[in-house]
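Labels run A, B, C and D following the written order; every chain starts at residue 1.
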Amino acid sequence: MFRKVLIANRGEIAVRVMRACREMGIATVAVYSEVDRKSLHVRYADEAYAIGPALSTESYLRIDRILDAVKRSGAEAVHPGYGFLAENPDFARACEEAGIVFIGPPVEAMELLGSKTASRQAVIAAGLPVVQGADRNLETFEEVARVAAEIGYPVMLKASAGGGGKGLRLVHAAGELESAYRTARAEAQNAFGDPSVYIEKYLERPRHVEIQILGDQHGNLIHLGERECSLQRRHQKVMEECPSPLVDANLRRRMGETAVRVGKLAGYFNAGTVEFLVDRERNFFFLEMNTRLQVEHPVTEMVAGIDLVKEQIRIAAGEPLRWRQEDVEMRGAAIECRIYAEDPANNFFPCPGLIRRLQAPRGPGVRSDSGVYEGWTVPIEYDSLLAKLVVWGSDRSEAIARLGRALAEYEVFGIQTTIPFFRRVVEHPQFLAGEIDTSFIDRALAEGILAHDEPSAETERVALLAAALDAARNGLGRPPAPAPEITWKMAGRDGLLDRWPRKL
Amino acid sequence: MKLTLTVRRGSEIRKHHLELTLPSDAAATGGIARYTLGAERGEMDWAEVAPGVYSILVNGRSYEAQVVTSSPTGTPGEASRVVTVGTLDFQVSVHDPRRRRGAASLAAADGPQEIHAPMPGKIARILVSRHQEVVAGAGLLVIEAMKMQNELRAPRAGRVEEIYVEEGKGVEAGTRLVRLA
Amino acid sequence: MFRKVLIANRGEIAVRVMRACREMGIATVAVYSEVDRKSLHVRYADEAYAIGPALSTESYLRIDRILDAVKRSGAEAVHPGYGFLAENPDFARACEEAGIVFIGPPVEAMELLGSKTASRQAVIAAGLPVVQGADRNLETFEEVARVAAEIGYPVMLKASAGGGGKGLRLVHAAGELESAYRTARAEAQNAFGDPSVYIEKYLERPRHVEIQILGDQHGNLIHLGERECSLQRRHQKVMEECPSPLVDANLRRRMGETAVRVGKLAGYFNAGTVEFLVDRERNFFFLEMNTRLQVEHPVTEMVAGIDLVKEQIRIAAGEPLRWRQEDVEMRGAAIECRIYAEDPANNFFPCPGLIRRLQAPRGPGVRSDSGVYEGWTVPIEYDSLLAKLVVWGSDRSEAIARLGRALAEYEVFGIQTTIPFFRRVVEHPQFLAGEIDTSFIDRALAEGILAHDEPSAETERVALLAAALDAARNGLGRPPAPAPEITWKMAGRDGLLDRWPRKL
Amino acid sequence: MKLTLTVRRGSEIRKHHLELTLPSDAAATGGIARYTLGAERGEMDWAEVAPGVYSILVNGRSYEAQVVTSSPTGTPGEASRVVTVGTLDFQVSVHDPRRRRGAASLAAADGPQEIHAPMPGKIARILVSRHQEVVAGAGLLVIEAMKMQNELRAPRAGRVEEIYVEEGKGVEAGTRLVRLA
C-alpha cells in the first residue's frame, strides 16, 4: 500500500479523500492556490504545497506544478478527486511517466470514454442501447438538419467537448434549428475552445439514472447499483438518491450488466459511472461515462456499505476487488443535497463571503462531507459547492423525513446557501411520490416552490420581540455587525439578477 | 421602552407598536421580559445562546431567533434588522417613536438611486454608458464570481447618471456601481 | 400516532429522542431545571417548561412537576430517556393514571426486573443461567459468610438497590469479608438509602455482553444482537461496540434466545437490554435487565439499520413490530465513545465550564449524538456525558481506523474531555486484537496508557513557533483569554486529586 | 524579536532562544515569518484560522496549533501559554531576555503556596484546620461537582496558614482555597 498520497484538488472532495487516506494510515499531501492557504484541505493534510495563483489554469490545472509537489513531498500516488484534472488523460499519462500512480482508470479508457462521440460509437458497436442521434460530430448545418429530420423533433444539440449544460440547445421544430445551431456552436467555442456539436433525440421528461461500477486491475468488474440524479437545476445535479424510486430489481440488474459491459469494452478499472437516460416506459439509453469519482458517490457508499475512495486506492495499489457481484448487498435509502453558496431566493446568485456561523446537523443517519469551516471566507474564484449533506434511512420515506430534520438543523449564517431551497423540495408532493424527471426542479421553481410562506402571527410576534430585544440591548441604530450580504439578499429578490456560466 | 417596528416580508409591510420591559441588569444574557404588542400583553423568557442568537420562550413555545443588523440598499444610514425565526426571514426596522424617524424608509426610492454590488467579484462587462436611458430590467453590468457571470439589471426605468467602476476591476459587496436618475 | 411527546430528560438523550420525534412529525416538549435554560434540549424542542431548581430531586425527578408540564403542553406520551425516572415504576404508573402513555415497558415488568434479586429468582426459576450467588438479600454477616464459603472465593458484594459501581466490593478471601461487608453496606445506605447487599461469584476477567431486545404489545419479541460493553472504567461503561469480537453466530443465537426468554417471562414489551457476563470459556450468565433505552443504543442502530427510538414510540402507540427475527440483518461493526467532561490526564476529574470551541468530526461513517454546543457552559450539577461519538465500518478494523480518524478531528477547547484517552485506547494492541474484559481499562490506565508521548523535535519546534507568534502578535505578558481550566490541568497532573461518587 | 522560551511537558523543562521576524503589518492574519531557533534558521508560513488557532506550514509539513494563555497555579501574574499541536500539549513561557524575567517561574515554589480551586463546584468538606501540619498528598478539602466528590490533596508537606473558604459555599475555578507554608 502507498505510504503517501497527494490529492490534486481542493474543497470537500480533497478533505473526503484525505479522510480515507488517514483511515488507511496513508500520509496526505495537499496542494493549494494562493487564495486557498486557509482552506480546510490545507489544514487537514499532513503536508501542503503552494502551486500558484487563484486562477485554476495557473494552479489546480497546472500538471507541471502538481508533479513538482509530488516530487517535493515524495508522494507515491495522486488522487485527482473530481473536476480539475480528474478526467484529463494527459495528466494520467504524465503521472505514469513520472513513475507515480494515478488513482483512476487506465489512460486508454479515459481517452476512449472522454469523447462523447467516440464512446457512443463504441457502445453502439457493442449493441448496447444509446439515445438515438448522430454518432459523430456534425460539420455542417446541412448534416445537422438531415440527422434531425431522420430522428425526428424534438432534438437536443450538444457540444462534443461539453459538460455542465454548456453548449446545449433544445430544438422543438425545424424552424428553430438554424439559430440554435449557431448559438450552440458559439457557446461551445467560447466554453471549450471547440465548436463541434452533435445531435440527439430529446426524450420527454427523461430520468437521469447512473450506475456505479468498480473494477480491479485483474479483470474483475462489478456494479454497485444505481443513483437517481434527475433532480437538476439547469442541467446541473443538485440532489441525488440511491436507490432510484423508479428502478426495480430487474431493471437494476439489466442496467448494471449494461454498465459493466461498457466498462469491459473500454478495459476499465477503478471507480467509474455509466450515465443513462430512462424514458417513461423504463427504456434506458447510454448517455456517457464519467471516468472518475462522482460528487454524489456517498449515497452509494451508505447504501452499499462500501467506502468507494478506499476501494479506489486499493485498486490503484494493485489489490484485487474484495467483493463479487453477489456479495454486494444494498440496504435502505440515501439522499444527498449539494449545499452551494448560492442564494435560492435570488435566482441562485453565487454568494461567496465570510461564514460567520456554521452548525451542521448531527444525530442518527446524517453524514456531512464539508470543505468549509466557521470563520472561513468562501473565495470567489472556485465553484460554489461548500458541503454535501447525505442522509440514510431504512427506506426512502425515512430518508426523506430525516433529510427534512437535518435541513432544519443546518445553520449557516453570513452567506446564503441552497439549504432553504432543499427544505422546500423535501416537502414537495411530487418529490415525495418519487415522480421526478430532469426538468422537475426547473418546473417547480417556475411554479413558485420558493414563494414566501405566510408566517403565523406567533412567528411574526417572535421576530418582532427578537428585533426589539436586540435593539434594546445593542442600541437602535448602530449595527453591531454590518452584513452586506443581507443587503443583496433583500435588495435583489425582485429578479433583477441573472447568471450564466463563465466563458473560459 | 416604547418602540415602533416595521416588518417586511416579501412585498408586504406591516407596522407595530411594542413596549418592552427588560430587567435592569444590562449585562444579563437572559431573563424574563414583559411586553405589550398592540392590545396584547405577555411575557417572554429570553436567553442569548450565541452572539445575536436568542432562544425565546413565549407561552411555553420554544423559538430560536437570529438577529443580523444591516443597512438595506438605497437607504444607507438607516439601520434595519433581519430576523430569522426557524426557517423564516423577516426584515424589521426598529424606531423610537419620539424621534419620529419614518417607517417610510422601507418604501421604494423615487429619486436617484445607487446600485451597489450585491457580492464580491470582478466587473466582467459594463453594458451601459453614461447618460444612457434604460428600461426596467435592462442589463447594467456583469460581475464575475464563482465560475459564473452574473448580470445586474436595472430595478426601474431611468437614466444612467454615473458609472463608478471599470471593466476588469474587483469590487467588494456593497461597492457603488451605478447611479440611476 | 402521537401528535406531541414530552421528553422527561436532558442532555444528549433528550435531543436524540427529539430528533426521532421530529422525523416522525411529532411535536416535542422539553422540561428543564433552572440551570438548563440554555441547554440544547430546550433550544431543540417545540415547547419547553421549567420544572424547578438545579437539584434533580427538585426537578428531573419530580413526577408531579413533569406531569404538570404534560398537562400544560397537552402531550399524549412521555419518553423518559435513560437515568432519572426511566426505570421508576411509580412514574410509569403515574403516567398511566394520568391517562398518558409512558414510552417504555409495562409497569409490572419494570417492577419485577428492577429488583436485582427478584429478577435473579425469576430467571433461575426459568432454568436460565445466572452468575452463581445468593438469590436474595443477605440480612446478616453470618449468612454472607456462609454463601461466600458455598460458592467459593473470590466473590463480589453488591448493593441490591445499586448501580453505577456504588456499594460494590470484590473480596478475594474469607479474611477480607467482614470489613468489605461493612463498607459495602455503609456505601449502599449512603448512596441508595438501603443497606441491603447480596453476593455473587466473581468471574475472572469477565466480559460484559448485553443483548438488545424489542417487543410490541401484541406478543412479538425479537433481539437485535449483542453489544460488547467490557470497556469500563471503575465499573462504568466508557466504550461499546457491536458486534462483540468475542461472540460468534452460534453464541449470538443462544444469548439472543435467552434474552428473549427473559423478556417473555416478565411480559416485556418496548426496548430493553439483557446484560450478561461471559467467562473465558464463553459461558454466559444473566446479570440484570435494563428496562429502558441504553446510552449505547446507537451501535446497535448502526449495525441493524433500525432506529430504536422510533421503534419505541411506534410500540408505545400500539403498532405491531415491523421485523420478525429472521428479517434482522446485522451489517458491519460500530463503536461508541462516551465523551465525558472529565480530564483523563488528571484522574478523570470532572471538568464543567465554558466550551470555547467545538468541532465534532464529520465525513463517512461518523455519527455524533450531542447535547452541547459551542458557547454553552457545562453545568456542575449533572453527570458529565457531553456527547457520544459513534462510528460504523464494514468490519471491526475499519470501524477502529475510522474511530481513530474521527477522534483526531474532534476539537473541544475550554474544558477537558475523555477524547485524548480514547485516542490512546484505539491504538492499544490488546484492544485492536479484541482481547478486552471489564478490567482492561483500569489495567491499561495503571500500566500508563496515558503516559506522555515524547514529542518529536519537529512538533516541539512548532509549539515554540506558535507560542512566539502568539506572543509577538498579542504581547508577551497580557493573556488575551485567561483560561483557568488550564491551571487545573497543568497543576493537577501530579495525582493530587481523587474523586468518588457523590453521596446522595 | 528575540525571545527566550521555556517549554514544559510532564516533568521535563527545556529552554530555547528564538528570534522571530514577522512582516510589519500587525493586523495581518497570516504570512511568512523567518526564525532562528538555536543554530537553525527557517521559515514558517502561518495563518490564523480561528482566534488563537494557527495553521503552520514548515518545510511543507502542515500543523495546527492552538494557543491558550493562562497563569499557572502558584505563580499568578506570570503569563504562560499552553500550546496544543495536533494531540500534544506543551506549556510554554515566553520571555523577553532583555527584561530578565526568569525561567525560574516554572520551577516548583519553595515558599508559601496558594492552592486554587481547579474547577467550579461546592466545598463539600474541609479536611484540615488552620495551623495544621500536613504531609504531601494529605487531603485538604473536597469539592463537589458533576455528581462526584473530588478531593484536593496537598502538593507538598507544610503547614496550613490560611483557609479562604467555608463548607457549603460555591467556588469558581481559580478561587483561592488554602495557603500552605
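Things worth noting here:
Convention: contacts are C-beta pairs under 8 Å (C-beta built on N, C-alpha and C of every residue); 3 or more make two chains touch, one makes a residue touch a chain.
None of these values were measured; they are calculated from a predicted model.
Looking at B-C and C-D, the interface holding more C-beta pairs in contact is that of C-D. Subunit A and subunit D have Cα centroids lying 48 Å from one another.
Subunit C and subunit D have Cα centroids lying 33 Å from one another. Residue positions of subunit B touching 2 or more other chains, listed in rising order: 50, 61. For subunit C, the set of residues that touch two or more other chains comprises 373, 408.
Checking each pair of chains for touch leaves A-B, A-C, A-D, B-C, C-D. Listed in rising order, the residues of subunit B touching subunit C in the complex are 30, 45, 47, 49-50, 55, 57, 60-62, 64. Touching subunit A in their complex are the following residues of subunit C: 15-16, 19-20, 22-25, 298, 301, 305-307, 329, 331-332, 359-360, 362-370, 373, 394, 398, 401-402, 404-405, 408.
Every residue of subunit A that touches subunit B in the complex is listed here, in rising order: 341, 346, 349-353, 357, 380-384, 408, 411, 413, 420, 423, 452-453, 455, 458-474, 476-494, 496-503. Remark: subunit A residues 30, 37-38, 42-49, 72-73, 373-376 touch subunit D in the complex.
Only residues 1, 3, 5, 7, 9-10, 14, 16, 18, 20, 22, 26, 33, 35, 37, 44, 46, 50-54, 56, 58, 61, 63, 65-74, 78-79, 81-83, 85-92, 94-96, 116, 118-122, 137, 139, 144-155, 172-174 of subunit D touch subunit C when the two sit together in their complex.
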